[in-house]
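Structure first, then comments.
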Amino acid sequence: MEAESKPVMTLPRVNAGMKTSSHPLKRWTKLLLQSRTGTVGMIIVLGVIFVAVFADLIAPHNPAANNLSNIMQPPAWVAGGSWDFALGTDNLGRDILSRIIVGTRVSLLVGVFSVVLAGLIGLVVGIVAGYYGGWLDNVLMRLVDSFLAIPSILFILVFLSVFEPSITLLIVVIGLTNWVTYARVVRGEVLSIKEREYVKASKSIGTSHRTIMLRHILPNIVSSFIVISALSVATTIILEASLSFLGLGIQPPDVSWGAMLTDGRNYLATNWWVATFPGVAIVITVLGIIFLGDWLRDVLDPRAQVSRKGGGK
Amino acid sequence: MRKYLIRRLLQIIPVLFIITFVVFVLVYKAGDPVALMLPEDASESDRAAMREALGLNEPFLVQYFSFVGDLVKGDFGTSFRSNQEALPLVLERLPATLELAAASMIVAIILAIPLGIYSARKQNTLTDLFITGGSVLGKAMPNFWLGIILILLFAVNVQMFPVSGRGSLMHLVLPAITLGTGIAAEMTRLIRSSMLEIFNQDYIRTAKSKGVSNSVLVYKHAFRNSLIPVVTIMGLQISHLVSGALITETVFAWPGVGQLLIQAVNGRDMAVVQAAVFVIALLVIIVNLLTDLAYRLLDPRIHYS
Amino acid sequence: MNMPVEVKETPEGKTGHLLKIEGLKKHYVLSTNLMGKPVKSLKAVDEVTLTIREGETLGIVGESGCGKSTLGNMITRLIEPTGGKVVFENRDLLSMSEKEMRNVRKDIQMIFQDPFSSLNPRMRVFDIIAEPLRTHGVATGESLKKRVEELLEIVGLNRSQGKRFPHEFSGGQRQRIGIARAIALHPKLVVCDEPVSALDVSIQAQILNLLIKLQKELNLTYIFIGHGIPAVKYISDRIAVMYMGEIVEMASKENLFKATKHPYTQGLIDSVPIPDPLLRRDREELLIKGEVSGESDPGEGCRFYPRCPFGTEMCRIEKPSLREHAPDHFAACHYPLS
Amino acid sequence: MSEPLLEVKSLSTHFFTEDGIVPSVRNVSFTVNKGEIVAIVGESGCGKSVTSLSILQLVSKPGRIVGGEILFNGMDLTKMTEREIRKIRGNKISMIFQEPLTSLNPVFTVGNQITETIRLHQAVDKEQAKKLAIELLKTVGMPNPKKQYSSFPHQLSGGMRQRVMIAMALSCNPELLIADEPTTALDVTIQVQVLNLLRKAQRKFDTSVILITHDLGVVAEMADRVIVMYGGEIVEQNDVYNLFKEPKHPYTKGLLNSTPKIHQLEDSLESIEGNVPTPENMPAGCKFNTRCPFAMQKCIENNPDLERKGDGSYIRCWLYEDSEQEKAEAVVSL
Amino acid sequence: SDKEASTGGTSGSDSNDGTLVIAQASDVTTMDPQNSLSTTGDRVFRNMFSRLFYWDENMELQPEVAESYEQTDDTTWHFKLKEGITFHNGDPLTAEDVKYSLERVMTDDTLKEFPYFKQLKQVNVLDEHNVEIITDGPMPTMLNVLAKSGADIIPKQHIEEVGMDEFIKNPIGSGPYKYVEWVRDDRVVMEPYEDYFNGTPKWKKVTVRAIPESSTRVGELITGGVDVITDVPPNEWARLDSETGVELVKGETTRVNLLMVRTTEGTVTADPKVREAIDLAIDEQAIVDSLFQGNAVPVRTRVPKGVFGANPDLYDTNVYDLDRAKKLLEEAGHPDGVDLTFTASKGRYPLDGEVAELITAMLTEAGFNVNLKLLETSAFIEDYNANKNEELIMIGLADGLLDASYSLVHYTKERAAGQTDYFNEEVENLYKEAGRNLNDGERAKQYERIQEIVAEERPHIFLFQQGANYGIRDNVQFTPNLNEVIFFDDMDKK
């Protein structure tokens, strides 16, 4: 038999049935469609982005046009409401639906980008501090302590006196004041992860610190990171309102959900819809982001693949 | 370990010093306190006179060093607005703040731990979805919103709790729920995500092979391992609660440090801002130190040197 | 207490020492007093001195927990020693800056004992193996891919398995991933911490043969830590026997097995199970009883004394030093066997 | 020694991964009698661990038992509820896992983890449990058991961790002990002790043991019966004496030949050439055909059945097809 | 209702148990009456201290500590004090105390009330019950000043004994109620002073709480936690109307919301036509009707009815003519519109943000391109005080003296510099003359004339006089005052 002469390394048959890895985009789409919540999340997020982009075309009314004869009209399905103003009107008689539609733009922009900025800063600081430890950790963490202790409004006031207000400024300010949460959460996890064997293994290869942080530590903290950042979008959207209020960001007649919510505060007891619908918009958007985030978290965790398949049951 | 502790405690001094300096610069840069003390139609000369009288005309460094000089003696100076010593003003508020912070933390923990664990165990079921929705709601509902609604529902319509103010335990319930839910939202999500990660570990399988009940599996073996991010958030939130429960304090007319601090900032009331930040910083540093110590307890592999 | 181990230059063509370890020790502090001074410490590795010649394989065997992994980890500086010296190619590793060390790491690789925890659960196997190549810029792009696939096959894995994650492999397969990672860079010295104990014999044989082949081709030097005495015996040129953090015997493998000096070594050899059910012995009758005392401070005398069948008063009181009983055959025993 | 304690019937366990189905265990059947030690040997990755995990219903998520029965004392474990199976785990059937570090919870002391099992299945108080645990640690040869009782897993050496696992598994005198490479991380002197321990337990409590190992020396010392697995299937099963004396399957032969022996100095160690095919890419026909020196056309086309031979052995090989018995024997004697 | 839950020791109740609980929007900042300047503070001080004069419920000045007075010349005033007035510690109130108090507030320039008193030059004790005050010029507003909280009389001897700090911690006055405790940002508690010189106080205990959130305040009122609440914003009115057991009480304030307009050379609003166009473009009546449900008065002056010197022609009136506004803009050479930056506060005055947004919309309608800067209070005040206002800034100004002189100073060159940069020779002269004029009739005429000119030239464009709104429980009787101060004993509870 010719079996003896078989080369050691060849396995002709084995490769035959191999699936070639498909195009990444296709693969991700496939993965997304496998997850129900992931799909819903994507639909919501795409929907919100669509609304933001085409707000002016979609909005049934001019969001800034006040109509003093239509003040505080309730939503259509409540007695006294009309489908002309489906979600009712506010204290200046403006159409709440249109304001929500147009407000999407600012809220989404600020909500997402300031979280990204804060997240990036926090991620870098947290990983560096946790990984290197020692004096660097001490200095960075005391910096975090200081940021926690000094009220951010002080920084904001100073920013205000130096810079021209704009959305970019708003994003930067929120980013610069909110990174501490990420930094501390990330650092806490890094402390634990850096003691794992595989980090040691990588060190023994001579891997640079940077690579260890990027390839070994970072992927193992994404999960907590995704969770906090997705939720923070909600807080940031609301925070935007209070900072705009200080004169940092947008001004009427521009609208944002946060501002609508804050304005509606005074009418909670009497005209609930003013504050409720922008709140609902925030909740839906953030839910979408969270669903997407959870899905991403699962996909990134090689061991959690079950949830996306029928497999585990 | 002892060395570590001592070093951490010693660090407090320079940190507080730096914080004081930064705050001084910020308040100084943030604007003129006198403008905010006098009514709208006070004239410029009135304001100038008051600035002069309060020593606010001195150059920055002179002001700063005189402040530090007093600070070393433990004197934060006197509030511009109320003409009272700043530190007692802050310390007077501290119990109310700590009381509220503790109560909110308890609410958060009571809500977050079972919900987070439950939603991790029921991952991707309808229940999980509801809990996720709930956390988003908890996070997206601003404190004023929830606070006012709670007052309307449980103090005005059904008169179960007092509307506002501080006093009995009953007074604590609504504000603590208001603050606690937001924190719980975040914690729930974090617990869920780290639990999901832990459920895949080999030692969970080991525990299962011993035949432990589900609750032991979850609450003992998995939960403890998932606590690091949760403890971090708790530490952070305590810090926030000490300084930033402003909105809730306002809604419930709760006389805490948050209200004081924000009024002081809005009034550029240097002494009070300094005293409040100082006290808050001290608390934050201690809480964070405790957090770091808790890490060690939670994960014996972590070591500090 | 500490005896200088004079390592003689071998007359053969081997170019001399690649690695020299002098008085290396690691003490784990177990508890401290109020002043932060250690009161109880565990001497995981105590005053180990040895030399490894270029191109040879030094086997290290010994009781579990006797400090083999700790020793290996100290050589690669993954654990900072409490004292001593590690000289690699005439350079003291312990005094190197991190940056210098990182360069040296290319030449010193490690195969880890625990195959799973030393693999990042979130990295694909391909990336795990590619990491050292990338780190030191040895290969990129296509050539990297080729090299990794080659490595996968060398250790007996399928190239298609590169895109899987560690948890999808069996214990032995994981170990092979670790081996592939370690040999990827053609290092000069490989510290193998039980690289084959999780492998089935056929793969084990393959790997051992592979290691030997690589050694011949690339002039590699191995420190081979293992429990499987037959395997260690098979691959090693010299073998050091450790007991409670110390080397108790060190000799060429022929001498170690034929002219065993230390009773512990003898015990080890006798305990090896023989793959023939007909030769089943009653193990209860075996030479070595009991277990490592595990006392953090084992006292004055010979550390093996409590378990030694030949222990005398002398052994209890005085600690034997590692002496050269025959050419190149060291043992730490007052009453060497043969 | 005749009553069957565990009967595995046509067990198949598959992993449903992103890239397709991985059939790690296929159609595996075997029996473990009361007080018997059955060794499972086989190529790494051939499904030994998955088989044992399947018995305890512990296969992790993407994996699922897709067919077969597992009868323990006549009850089908695959049909039990979580609550029922929990009563069996750790108590009646306990398991020693292969990965000693990751299988211990990093945040609890080893003492805590051992006493947990004890208190779960035995009516003892804390103090007693602690005493028992220390006693167990001592039995498994843990140095200074009192001290190590309060150590964390990461403070122990690999072998020590393994012994903790063993202590845990033995704590409740199980009827069936599944030991997945229990001594690989141990040095030989301790290995001897542990093996003795297993045997003692087996004799004293009539415990049955499934011993998964690579070390044919250990098999020879311990086992009553040996199951050889390859590519997710059983390829040979025989009484330990016969198996070592007269291995039949080419794979088994290869295994025996690759074992390094202590009492002779080999120049080279024989090994089975080639790679183990991965479960999702198993060749058609006999799984071993890619590496088998005797492979025939038939082997590439059809997978032989596991056939019971007259001497009570089972074998899955075309060489031993009844009709061609003689021919096979001729080949073997070559 | 669950009595236990709703009481926090500070509860009012539906039957008169002799306690009174008032909740206001913010807390007192100090217990030093001479360093306050806030209505919230005055509501406490008014009842804890006494002053030489006070405003009665008809907004007439009445003697309180003073028995009688006499102006001996343009700059000298002579006051006779009532006898038998005692401080809460029992010490008699004498001319020494009056001298001590007034000298403190007229010399200590760190006190917030100081600016009002700097015209006083000297206070002389004539005898135990007679003092003489000398001013640095004719001071027609003397009695108004003496009715401010800065003129509250503090006990000289006591303060000299314990020190000012201690006094501020435990203030002692001679008013009907004495200090019990102050929990900052929570409440001030007072008890009746039985030996009050003007009769026995009505209430057994008065608590003034600070509840910043309006809906919480209303909630407390509805549940009976408090008897009276101040500052009920328009959005809560409907709620008060619909709930049983509570009632909305509407009052007035001296605060007028107005737009300050830059007349500075080079700005578009330097052109009077543009200013007029702005005024004509804004429909004040619509704002008042829609946002304030009619509970505010459109005005064209800063001096509302009830304040000395008010011009009745400019009260409760407005000009609105959109077409004419557009035409004016065209005439002024801005057919394509005018860029305006409009600064306004949000949260400082009731519905100020909404008003600003409405005005922006109205101006846009008329062809202005408005850039609205809506700022939170401290940022707003910062801009305002730094004269960073551009074309328009909306502000609410009150009258602390209830005298037109207080308001109209804004139209003098010195005061307007940097802010509106308004200057009118006639206004300048009229204001100066009036300030020295001790003839009330003439003085009032001069002020009315100034207001006419201002309404025409529009350095300020007036919007409306703010209303004051209180919520009370049904069993409480309460009539609000123009100066928003509450005298506890004016209230009644069934």
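The letters A, B, C, D and E name the chains in turn, as written, and every chain counts its residues from 1.
Everything below uses one rule, namely that a residue touches a chain if its C-beta (ideal position, glycine included) is under 8 Å from a C-beta of that chain, and two chains touch if they have at least 3 such contacts.
Which chain is which protein? Per UniProt: A, B = Peptide/nickel transport system permease protein; C = Peptide/nickel transport system ATP-binding protein.
Here the structure is a predicted model, which means the values were calculated and not measured.
Least step count on the touch graph, chain D to chain E: 2.
Under the contact definition, chain B and chain C share the contacting chains A, D.
Pairs B-E and B-D differ in how many C-beta pairs touch across them, and the larger number is found at B-E. Centroids of chain A and chain C (each the mean of its C-alpha atoms) stand 49 Å apart. Averaged Cα coordinates give chain A a centre that lies 22 Å from the centre of chain B.
Separating the centre of chain C from that of chain E, both taken as means of CA atoms, is a distance of 87 Å. A straight line joining the Cα centres of chain C and chain D is 27 Å long. Touching of two or more other chains is recorded for residues 215, 378, 382 of chain E. In chain A, the residues that touch at least two other chains are 9, 11, 14-15, 18, 157, 161, 195, 197, 268-269, 301, 303.
For chain C, the set of residues that touch two or more other chains comprises 114, 116-117, 153, 158, 160, 163, 167-168. Contact residues of chain D toward chain C in the complex are 15, 17, 19, 22, 41-46, 48-49, 98-102, 141-144, 147-148, 155-160, 162-163, 181, 184-193, 195-196, 214-221, 223, 240-241, 244-245, 254-256, 258-263, 265-266, 268-272, 275-278, 281. Within the complex, the chain B residues that touch chain E are 31-32, 35-44, 46-47, 49-50, 52-54, 81-84, 89, 92-93, 144, 147-148, 151-152, 155-156, 159-168, 170-171, 250-253, 255, 259-260, 266-268.
Put simply, chain C touches chain A in their complex at residues 73, 76, 78, 101-106, 108-110, 112, 114, 117-123, 127, 131-132, 134-136, 153-154, 158, 160, 163, 165, 167-168, 178, 181, 185. Those residues of chain A whose C-beta lies close enough to touch chain C in the complex are 9, 11, 14-15, 18, 21, 196-208, 211, 215-216, 219-220, 300-303. Touching chain A in their complex are the following residues of chain E: 214-215, 218, 233, 235-236, 238-239, 286, 290-291, 346-347, 353-354, 356-358, 360-361, 371-376, 378-379, 382.
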